[in-house]
Structure formats: structure tokens, C-alpha cells
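Each structure below appears as C-alpha cells.
Look for chain A in each of the two complexes below; its partner is chain B in the first and chain C in the second.
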Partner chain A sequence: MIGHTGSGKSTLIQHLNGLLHATAGDILYDGESIYAEGYSLRKLRSQVGLVFQYPEHQLFEATVLDDVMFGPKNLGLSVEEQKERAITALGQVGIEESLFDASPFELSGGQKRRVAIAGVLAMQPKVLILDEPTAGLDPQGKKEILGEIAKLQKEQQITVVFVTHCMEDVAEYADLILVMNHGKVAFYDTPARVFAHKEELKDLGLDVPQVTLVMQELHEIGLPVSADVITLKQAKDQILRVFAANASSRDEEVACDA
Partner chain B sequence: MREITIGQYYPAESVIHRLDPRVKLVGTLVYIISLFLFKSFSCYFVVAAFLFTVILLSKVPLGYILRGLKTIIFLLLFMSMFNLFFTPGDVVYWKGGPFQITDAGIRNAGFMALRLILLIIGSSLMTFTTTPNQLTDGLESLLKPFKKLGLPVHEVAMMMSIALRFIPILMEETNKIMMAQMARGASFDEGNLIQKAKSLVPLLVPLFVSAFRRADDLAMAMEARCYHGGEGRTKMKPLRYQSRDYIAYVVMLLYLATVIFTGKVLYL
Partner chain C sequence: MKNPMIQVKNLIYDYLISKNEDEEPERHRAIDDVTLTVETGDFIAILGHNGSGKSTFAKQINVLLKPTSGTLIVGGMDTADEKNLLPIRQTAGMVFQNPDNQIIATIVEEDVGFGPENIGVPTDEIWKRVEKSLSSVGMLHYRKHSPNRLSGGQKQRVAIAGVMAMKPDCIVLDEPTAMLDPAGRKDVIATVRELNEKENVTVILITHYMDEVVFADKVFVMDAGRIALQGTPREVFSQVEKLKEIGLDVPQVTELAHELKEEGLPLPDGILTPEEFREEIEKLWQSSAEMSPTSILKEADLKSRLSIRSI
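And then the complex of A and B:
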């Protein structure tokens, strides 16, 4: 999910697990309205895990393990189960066992972020929603966290929704992009098709990935590359192909001359 | 809890907003004194009429002001109940164990509630119409005489304004942390009193941590801009009384005289 600041991304995702109540319309989970009478919002919140912006600000327990156990505890699980889930979740985000008994306030920024994400993962949600999960992290930490989430999505078969301001991340990880503008959906499509609307995105205060800009320019000066490339890998493949084609045609010319 | 309007600034273009903050501070003090001078309904009528006029002049919507009262409703009920059931009096309407309802009890409860409501509305009107910066300036200037006695006037004023400034920020933060914990399955309104108190731990710990973090950041930002206390600090907009401020002082005196006249001379 992308959109300029104040476009309503955070507000929208807080509706998805019933933290905010919509004034109009309905939200369906597994075909059931979450606004129906007697619908358990607590159960919904265990299935639709929401990780807020700067989630490390919600840490409060004395140890890392206890903090991650808070979610499962609220689900009413036994202490053994709480512990088991917490350990699994911490493993999923790459927190070493030596840190389990540390105070969450002693950790580095990146580690705190992981622990906080584990706090939501420990509820074993079927849908994971993350509001700018990498804001304020260094490139290395950013890559690791996004990689871990992508791995989770594949291995656990969960749906992941994430908000970001980084177009490169969207291009690399997202299957679908939802573009928000003034509280409304501006686009909802595959990355390649959304990024084809370069001018409209600019008007919305957004951009396309850097590599797409480069490829579009190359396309405009007449090189045989497609303009809808969005990831570095695709771009590399295409450019190498052009080089290879040029090289082989030059070889032919040399052969003719001879 | 999330709708605290007390202590917040309500921007509007009005005479009251434009008044010198010193006038408003002194005015609020005079108003509070007038509230406690007498205990008669006619005096409270004068006070209420004065307050209502000022509210109209200030252009702060009445609904917005009344919303601030919601937060003290519990305290209000509690105090009125105490007065109602425990005041001995001449005419006893009902008696049961240590409890009794008397004519004096009803009067006391009514006065207490009225006084508290008028007090809260009156003093919050000052913060509604005065920015924290103005308030600090006014307070500092009014307290200047105490500087000779060694009171760190500037620092006290600065602390007060920072505290006021932080109310809305901490409210927002509370809201955010509450939501984040609710997303982890926490609930804040279930169970008995002990369970409720316990459920506040996941809210209060992060809130304190963030308050300290913000205080650190603020101190850093102030130092980065060379803040070093009040010594030798000049003002960009020094406070100067205008003619409307003198008029306001006169109005204040007239008001106080009216209250005393109604209470002392008319015996109403």
C-alpha cells in the first residue's frame, strides 16, 4: 500500500482489524461482517495481526520473551503454549536465544523492531498487516526484515499487507499495489501496471522506482528494452540481452568484413 | 480520557483572545476568588452571567467547553454525594445508618457542584483563549517581583508551558499505544478493578518511556538552539498593555464589586 503522507493508509489498515469503526460500509473477513452483532473482535485481531508504525514503542515487559508472550496470553493459551509460540515467532524474525531474557529496552533499534513484530507474529495471524515496517532502519536491517516477512508469507501461506514509501520495496516484494489518495483508492493493480502511470503517480506525490525511470529513458532513446521494468534484476537481464545482441551483430559485421 | 479539552488552546479571532495574557491570568484569579467569596445562589447567578458573557465574547463554542467537563463528572458526582449524605441540618428528609439527607445537605451539594463547574469552565476558558507561549510570558512577567526572593521565575514558567504543551501529545501517544496493545489482544475495559489496573501496565510503561524520550529530545533541541535559561533573554514580542487591557481591568473591578454588593449588601 502506497500513498503520500496523510492519504489515509494508516487509517484504512486500522479498520481492517476493527480498531477503528467505519462510519459507513462493511468489512468482511472470511465472508462474515466484522460489524455483525456478537462478532468476536478479539478473535479477529488474533487472525488479522497489525504491526503499527514504530512498533518498538509498545514494548513494556521486563524480558523479550515475556513481551512476545503478551499476545498469546491475551488469547488465553497455556503458559507452555505461550512460550512455544513466542520462541517460534522470535526465531522467525531472527532474534537469537541469548537475547530472550534481555530487557527489550536494552536492544538496538533494529532488534527492538523485530521483537515487536514477533509480538504480533506470536498470535499466528492468517493476515499480517505492517505499517511502514522498515521506517528508520538502516538498509541492511531493512533488507533483512523484509526478507524475513517475505519468507513467512511463502512458508506459512499468510497474506501480507504492508505500507511503505519506498517504491523499490513495492516493486520487489508486492504482488499487488494499492495506491491511496485523499482517503480513496487511486489504483489497485499489479506493480508493473501501476508504475506504467508515471505521470499520474507524480501528481499524487509518488514516484516510480529509479530503475523504471532509467529503463523508460533507455526505451525512449530507441534501445530495444521494455519500459515497464520495475526491479533491478529484470533491468539487468534486459540490458545484458541488449549488450549480447549488439556484440553478436558486431561479430557478424567483423565476419562480413573479413 | 481521549477527549480532554481542558488546557488546550482553541484558536479564534476574538477580543478575549487578543487580551494581554497578564489580564487573563489576573482575571482568572479574580474570578476564582469571586467564586469562593459567598455562598448564595444570587452571587452564583452574577458569576454565571459574567462567565457566559465572556464565553460569548471569546467565540469558543459552548459545546467544546462543556466537553471538557466530561472528564470531571466522576469527581463531581462523588463530591456531591458526600455533601448530600453527610451534612447535618435542621430539616431531615431521610435517615438511614450514617447517611442522611437534609436541607443543608442538598444546598451544600448544589453549591459544591455549581462551584466546581464554574471553576473548571472559567479556568479552562483562559487556556482556550491563550496560547501556551503567551501564558508563559504572562506568568513570567507577573511573577517577576518574586525573582528577588530567589524564585526561578523563568524556569517555572517554562516548565508550566512545556507541561501544557505536552498534554495533547501524550493523549495522542496514549491512543496509539492503546490501539497497538489492542491489536495484540489486550483489552482495557474488562474485568474487575484489579484486572483493570493490571491491564494498564502495557499502556503506562510505554507511555512513560516515550515521555522520557520526548523530554530528552526536547532538551536536546532547546540546547541546540542555545537555550540557557532566562538570564539575559530578550523577547521578540514583549508584553505591552493596550487600551483594551485597561478596559478589561476596569470591567474586572466592576464585576468584583457587583459580586460583593450582591453578597454583602443585598444578602441574597
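And then the complex of A and C:
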């Protein structure tokens, strides 16, 4: 999910686990209205995990490990299970064992972010919603965490919704992009189709990945590359292909002349 | 010749962590023997993975922390000397990541005037400074607005104006764009560059966005509390492999150019921006159309690699 600041992303996702109640309209989870009488929001929240924006503000336990065990504890799991899940989750976000006993307040900004994400992963939700999970993470941390989440999504068939301002991450990981603008859905489509609207996105305060930008420009000045490239790998293949094809067509010319 | 803005010599900083009262506190070394100089008027970028010591370093410049050993001189003043505290904070202003934590007043212009008022600047001078700094970040139009109605990027620009109203010689920005959308990021970076160019303010920008670094005069890369790499953006970003080793990245087009070069396309090292990339590819394209078939690249080689890949 992308959109300019204030476009309604955080507000929308807080509806998805029932934290905010819609003024009008309905939300179905697994085909059931979450506003139906007797519907258990508690159960919904154990399945729909939400990592808030700036989640580091919500670290409150004495140690990193305790903090991540908090969610599983609330699910009523045994202490062993709590611990096991917490350790797994901390591993997934790349927090080293030496930090398990540290106070969350002794961590750097990016380390806090990772611990907060681990707290939700430890709940093993079916739907994982992350509000700007990678803001403030270093590039490798970003790759690690998004990579882990993508792995969870594939292996355990969970659904992931993530809010981000980084178009490169969207291109790399998302099946679909939802673009919010002033509280409405502006686009909801595949990354390639959404990023084709370079100018409209710019008007919405957004952007396209750098490779998309250069490939569109190369396309416009007449290079035979397609304009819907969104990842580095696609761009690389296309450019190599173009130069190889150009070379081989000249080979043919030379052959004819001869 | 002007004095350097910041001089750091063998700086070490240890966080002291006490688990319980009676034990000797543990030491955690966050800055490990850093020596560097920032010249007046430079635009400096600091990169590094999470926990590498960037914020700790920034806090030293602003005297939120003091060296465990070594020295740090800001604008000719030693941060270890108690009496320099206020003059140093006026010399080097700080902007943090989260715009919401930095704005105190309920009206933009009052927020910007808060700092100067606090240090007893006369009222008419305060208003002059407020006006000047709001206009230098392009926010004068919003002076009567309430900060909480502004976008993240606008709030950050107000925070920068608040620092500018103190007439600092140097601003230190610790991930000022981490929470902003692309338009907000561009605004903030453009604002900072303009302050650097037009008002000769020394800028120290800490960021994880590699494309923000390409404008810097000099880049320092921190790793485990040390300076692992330094140089111009082009010098630093030419070392793609080394940067990856320490968990960092290069701008996406720099990486693309690097990979194409590895495949045999004759591109220069250290392409930094989409414009540079497009120009280089365009040049290559034109020359490949004109030149004899074999001169542009090792085609056979390239083609065989491509056919392998396409299987």
C-alpha cells in the first residue's frame, strides 16, 4: 500500500483488525462481517497481526526477549512455547542473541524496529499487516526483513499487507499495489501496471523505482526496451538483450555485404 | 583560511549499562576511535547499518553525549568543556527522524520562534529570523497554520526552520526523511541542499537512502563504531562489493550499471543518478549503431550468456 502522507493508509489498515470501527460500510474477514453481533474481535486480532508505524514506541518490557514473548503469552501459550516463538521471531528479524537480555531502550533505532516486528511475528498471524516496517532500517536489514516476510508468505501461505514509501520494495515484493489518495483508492493493480502511470503518481506525491524511470526514458528516446520494467533484474536483462541484438543484426549486415 | 567546522580526534564513546546496582556497569563501545574533519560549508553524508554508531556520533556533536575519550571540537569549541555547551548547541543544530516529536507549539511561526526566544533574542529580531528561516525552507506561506495539519515533509521543513532560526553554522540531520513519502523526501533534501549552497550552512546528513547521498561533498561510512570508508559519493559508490559486505547498498541505477559492466558493457564506474545512467546508455547505443560490429563489446560472450539465461 502506497500513498502520500495523510492519504489514509494507517487509518485504513487499523480497520482491518477492528481497532477502528468504520463510520459506514462493512469489512469481511474469511467471508464473515467483523461487525456482526457476537463476532470475536479478540480472535480476529490473534489472526490479523498489525505492526504499527513507529512500533518501537510500544516496546515496554524489561528485556528484548520478554517483549517479544508478550504476544504469545497473551495467546495463552506455555512459557516454553512463548520462548521458542520469541527466539524464532528474533532470528527472523536478525537480532543477535547477545541482545536478548538488553533493555529495549539500549537499542539503536533500527534494532528497536526489528524487535517490534518480531513481537508480531511471534503471534504467527494468518494476515500480517505492517505499517512502514522498513522506515529507518539499513538496506541489508530491509532486505532481510522483507525477505523473511516474503518467505513466510510463500511457505505458510499467509497474506501480507505492507505500507511503504519505497517504490523499489514494492516492485520487488508485492503482487498488487494499492495506491491511496485523499482517503480513496487511486489504483489497485499489479506493480507494472501501476508504475506505468508515472505522471499521475508524481501528482499524488509518489514515485516510480529508479530503474522504471530510466527504462521509460530509454524507451521514449527510441531504444527498443519495454517501458514496463520494474525490477533491476528485468532492466539488466532487457539492456543486455538490446545490445546483443544490435550487435547480431550488424553481423548480418556484414554477412550480406560480403 | 577558515577553521574546520568539526574536528574529531580518536573519539571513543562507551555506553554504560548497569544491570543491577552493585555490579560494575558493562561497557558497550558505540564509537571506536574515530578521527575525521568536516570542513566549513561542506555537505557531509554519514551512512552505516543499524547500530553502527551514527546517532551516537550525531549526539556527540550536539553535546547530548560527551566523549569517553578523544576530542571533539565544534566550531573551535571543545565539547568536553562545560561552558561551551550552549554556544555549541547554537553552532550546531539538530533535526531528528520523527517530525511529530520535534514540534512543540500549536502555530508554525511560534514553533520556529521558540528557540530564539528561549535564548533571549529581542522580539523584533525573533520575527525577522522566523520570517527568514520559514522562507528559506519554503514554508512562509504556512506561518499561521497549525503544525499538526501539515504533512510529514512539511513538518520536517518546519523543524529545520526552527533550527535555522538559531542561526547555526552547522545542521546535523539524523534520518530526517525516514518517515516521509517520496515528495516529502525530495522537498526536505532540496531544502537542505539549498541551505548548504545559498547560506553556506555546513550539513551533516545521516540517512539510509542512498539516492540522497549523491549530492554530498563527502561521504563517511560507519561500521561497528568506526569509519569504514570515506570519499566523494562517486568514490564510495564505486565500491559496490565492499558496501554490500558491510550491509549497505548503492543507488539502484549505480547497481544496475555495475551489473551491466560485469556482463561486459563498457560503462564507467560510479554512475550515481538516473540522468547519468540514461546518458551513458544513450551514448553507448549511438556508438554501437555506428561502430563496427565487434568493437563495442564482447558480443559472442554476451550472447552466449544471454542464451544460457533465457533457457
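What we mean here is this: the second predicted complex is superposed on the first by the 249 of 258 C-alpha atoms of A that agree within 3 Å, B and C clash if a C-alpha of one lies under 4 Å from a C-alpha of the other, contacts with A are read in each partner's own complex, and residues count from 1 in each chain.
Methods note: contacts are C-beta pairs under 8 Å (C-beta built on N, C-alpha and C of every residue); 3 or more make two chains touch, one makes a residue touch a chain.
Given the structure is predicted, the values throughout are model-derived calculations rather than measurements.
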item: Touched partner set for A:Arg42, first chain B, second chain C, both or neither; value: first
item: First, second, both or neither for A:Leu50, with chain B first and chain C second; value: first
item: Contacts of A:Pro191 with chain B and chain C, given as first, second, both or neither; value: neither
item: Touching partner for A:Ala235 - first (chain B), second (chain C), both, neither; value: second
item: Partner chain(s) touched by A:Pro133 [first = chain B, second = chain C, both, neither]; value: neither
item: Partner chain(s) touched by A:Phe105 [first = chain B, second = chain C, both, neither]; value: first
item: Touching partner for A:Gly71 - first (chain B), second (chain C), both, neither; value: first
item: Residues of chain A at both interfaces, chain B in one complex, chain C in the other; value: none
item: In the complex with chain A, residue positions of chain C that touch it; value: 15, 17, 28, 48-52, 55, 97-98, 151-153, 175, 178-185, 208, 210-211, 247-249, 251-253, 255-256, 259-260, 263, 265, 274, 277-278, 281-282, 284-285, 288-289, 292-293, 296-297, 299, 302-303, 305-306, 309
item: Chain B residues touching chain A - in the complex, by the definition given at the top; value: 176-177, 179-187, 201-202, 205-206, 209-210
item: In the complex with chain C, residue positions of chain A that touch it; value: 3-6, 53-54, 102-103, 106-111, 113-114, 132, 135-142, 165, 167-168, 205-207, 209-211, 213-214, 217-218, 221, 223, 232, 235-237, 239-244, 246-248, 250-251, 253-254
item: Interface residues, chain A side, partner chain B - complex; value: 14, 17, 19, 42, 45-46, 49-52, 55, 57-60, 70-71, 74-75, 105, 119-120, 123
